[in-house]
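Each chain carries a letter (A, B, C and D) given by its place in the written order, and its residues are counted from 1.
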């Protein structure tokens, strides 16, 4: 019932604080015999890494991962895989002034109310830094799913603050610091430069897609595939909304136009987002998330201290003016962890997937 | 790892099919000593019950609940509470024509792909009827939370298809078949009548609020309070989107205006929706969900049969033209189940809530 | 984390009290497509049923099981299977005198200390009657394992009170009320008659064996196959000891003679009891359990009441002079539930069993 | 459902292989605010440490533990506590000859059958070395239980091979390498010396006792306190039998003499071993375990290789001639982990223990 574990069969237990000795996770349930090395995990960690552009925190962390267990002669053994990332760039003094005040929009107040004690250094447990182990575990899940089913995961930014971002091609995503699927990001750069000049922060909207997910993954009630996806996404720092497929646009739609028709060539459209009745259809899993503005800003905010007395707080230190900018690899990892878990759950109850009937060809992935 | 169980300490295991002998659930983990009778559970079941207006399915189910265990001389004993609801109005012939075709937007295809077998009668396991046990279990959670912390739950419809619904007062909600917080629902009635004449269906948007939730409920990572809320909500039939607090409106907001400031009198505003860092603040928990149009409509839709051959399907039988209309009590129940579970989780690790520090008065509940 | 659930993938949630309206269970995770009817479950229930001989309680319960869900047209659908058994022969007055006193050896005192309330009727939740749902669920697991792997389960009594019972043949077990593997049970009958004349009770030792368990089932640490077997067995009413294979005889053994040698023809002997390092070898799983004497006897015992004042108690009502006599079908069911759960766990992580290497022929099952 | 996790609320996830880079565990669910340092954990690790006498393996491991998370300024924060132990003395060449053969009594064969791959270095995951993280986690549980309830844990050896060991006093246990509760251990030394001269190994019997366990801990069915204790104990390497209280001696006992009578001064005797109906009575928890002889011996044993061809194997390397000798601290840790978990489970459902009724004074702990 560990609150810091995600997954039921592909279990990832996350540990660590932003400025403690180390962060990491233990993956239990990984199938044996898969080739795995630090390099396989490091790639996605580097995509999430801070300090890669002037639009993200300048904290300089190598985020070098060490595999402590579960791999023998380059292959997974089926035993727990422990992944360790040492914290190297800790400037706790940056946060000294925060031990007695609660930053608006932060977890300071709630941790204090829950535990009666909190590690204030760099946000402690509630720091976005704790997404690194999630990304590392997701890389393991991605690799297995790709090799087993050819499943792939892609995420991109679809809106930065007030700026909607069109979709041109996935190919552009790795070529700009915003994970934007467009060739020209100058408008986004101007927007962020103005924002930073003001010492303010903004929100973002991202989209994450899984292609090649076998049909039949998910549970009938409660642990539906989309329910677990929503759990994973909403569990990410700063996420305030989650949509599957057509999402909130479904409200003003009609039954005669919403349900994706089936044809011998596959589904017509994907308003369902690849999930019907909580179970995957074989189409793309389509998810969209809303990320709130970073709470750590240089503009003074009214707050109170631990005694309830009014005061003001400015969050110094090195923060992302938009945490959404580095979120794409994390969303891919979270979606991969959920799909992986349900792939194993399906195998437990029903045996290997797609063994029973010829799949209906899925409609072409939406741009 | 039961896929049909929700909760980790207040565990509700749901069973049954729409046209099988019975539906129900087993609640394990309920605290002992609470007065509980069938009447306590029946009230919410009646609020969800079909056949109560011309705008919902005319299926006539008493949904009479029987407590099979866990209660002795009118008090919970701490042992599992089994709740049984017999299915009485089964017209399986209505569905005979659906055994060989997949209804667009339905779980027919995915169940068939997952299990290789499905109970087609009334949608079998994927029928909205299976929300009744959830409502029954939620009634137990609501009662304990109300008696222990004074927590209350309210849900209402905020949009019906293309019609936004303003908020006048919670008092109106019980007085109209739409659970709308407004006095005059004639526009909603006209909208639904036109819709039914066309044999079509529409979506809806609902809002659910928990007031009086103790501060400090939730886990740091993965099993955050809002993550579990999203899991519960997205796990409800037809839900395609979930928002906490400001939700998707957060994307275009700024850090300087988004984070709810703290004052000695409490928080200023509640864009966080009552959750910071995955842990409750003591403010109202504010959730909004998007419900897609009912897939079961009288308008013919193109589809395929089990052999992949093209065909057409019309869904006869008795269906809700908008499943959102009866969703309010279900959303309250789901939110109550999540809050209940985290209340017990908090008590396990940290002892009884609000024992440590004087709470900051929460801002007045939003209308 | 439901305390009344056994299994992680083949999850059985047990509910009910001895003299409440009904008892039963919900099985979640059963593979789809298996033929299943009430008759498949009733057979083992009848083997456990009271009133079948003068050596067991004369309570007369039909223990007729009803399948409420999870089966369509005679086949499992993969959705939860709810099994219901109505209580018919309730004589609560028999127990009226026990509401204020704690019977030595009973759960009266501990339930009262844990919950502050208890259902005293027939022992309430702690009655051996609650093993019926376990037996019912075990029958489902047995059927799947037999059809999938040819696994079979047998249990017999090996000692009754002070009387050791030799092993002649499994064939004798169904032919006497003691589940004894011998042709002549007159000595056992005399022993029990003398015991009943004294109004006393005795203990028993039983052995349960699983044949045809695939190799490779179990987890490396903590959730070892034998650990989960011990959990299941010790969780049965009145069990005070569990052995795997050579059990306590291992203490005085030596490494040079204990470890079962391997030969091309298979293992030589089975002191391991079919489990090495927590994982099945493919040999018979051999388990032995100690059952304490029934605590409900007609001989007065000193005790205290709820106020702590000294008193005496005699347990009237209809009780088994040796609960071990009806335990054999329960032990088979428990062992089947554990093997089933690990079979599904193995399939989740490693795919279907015995797919990788030619099995070493297991040594012939011990008598 | 992580197979390498023990506990449901005080969750310990164990990772590592005997000769990998490191071993350790993550504890999730520890209550916040408890003083905790490496020294608190190191003490029990040192009691289990190899190389402390000529009767245990000469492998020289400092077993120095590092706390990676969950502790801030010397106090637990309520977030996961990761404990790391680096492996320093690895002589993998000692085991080179074992990659192709299956040692009788070892997990070699079963791991190979389960995973199709195994880490043979030092027994890999199945090495007794992996009990170190369990001991470390147990030390945390012991500390909390001692400070909260005054609960203490003691284990000792009661039989070494064929030599029964009487009980004189707990005070002797720390003063001899056998954890024997007697002043003179010369007979044990002679026995072990003769054994080692033969290159053989022997079994052992140990007893572990918890004193000051609150009444009311445990679940009614399946997850009984004694069931979870049996799970924990049988999950320990080489354990083949577990007894609670009178254990197997209960078989030949009678109801009139077995049930522990209650008096205003407390229970008379403790044949129940501190558990009735799966729930603690407040008396000492009494557990006894059987440990088989070490399988790693210098005497040649017949076996087969991965191709099924007959061969012989001698286990060189540094092994314990009796693994029971170092088992006492491990048994204490396992019992503490189970009691801790149920203490938190009780608190979740019923609130803090012993809050409801004046406890009946428990009988004096048995010597």
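The rule is short, and it goes like this: a residue touches a chain if its C-beta (ideal position, glycine included) is under 8 Å from a C-beta of that chain, and two chains touch if they have at least 3 such contacts.
Being a predicted model, the structure only gives us computed values, none of them experimental.
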Shared interface partners, meaning chains that touch chain A and chain C: B, D
Identified repeat of the B-C interface (over half of residue pairs identical), from A-D, A-B or A-C: A-D
Contact-richer chain pair [C-D vs B-D]: C-D
From chain C, the most remote chain by mean C-alpha position: A
Copies chain A and chain D touch via same or different residues, half shared test: same
Inter-centroid spacing, chain D versus chain C (mean Cα positions, whole Å): 26
Chain A-chain D separation of Cα centroids, rounded to whole Å: 39
Rounded Å distance between chain B and chain D, as computed from the means of their C-alpha atoms: 45
Multi-chain contact residues (two or more partners), chain B: 1, 3-5, 8-9, 14, 29, 32, 78-79, 114-116, 125, 220, 345, 350
Of all residues in chain A, those that touch chain D in their complex: 1-5, 8-9, 11, 13-17, 20-24, 26, 28-29, 32-33, 66-70, 72, 75, 77-82, 84, 114-119, 121, 124-125
Residue ranges of chain B touching chain D (in the complex, touch as defined): 1, 9, 29-32, 78-79, 220, 344-345, 347-352
Chain A partner contacts - residues on chain B that touch it in the complex: 1, 3-6, 8-9, 14, 102-107, 109-116, 125-126, 130, 159, 161-162, 195, 198, 200-205, 215-224, 226-235, 237, 240-256, 258-264, 268, 271-273, 275-282, 290-297, 299, 301-304, 308-310, 345-346, 350, 356-360
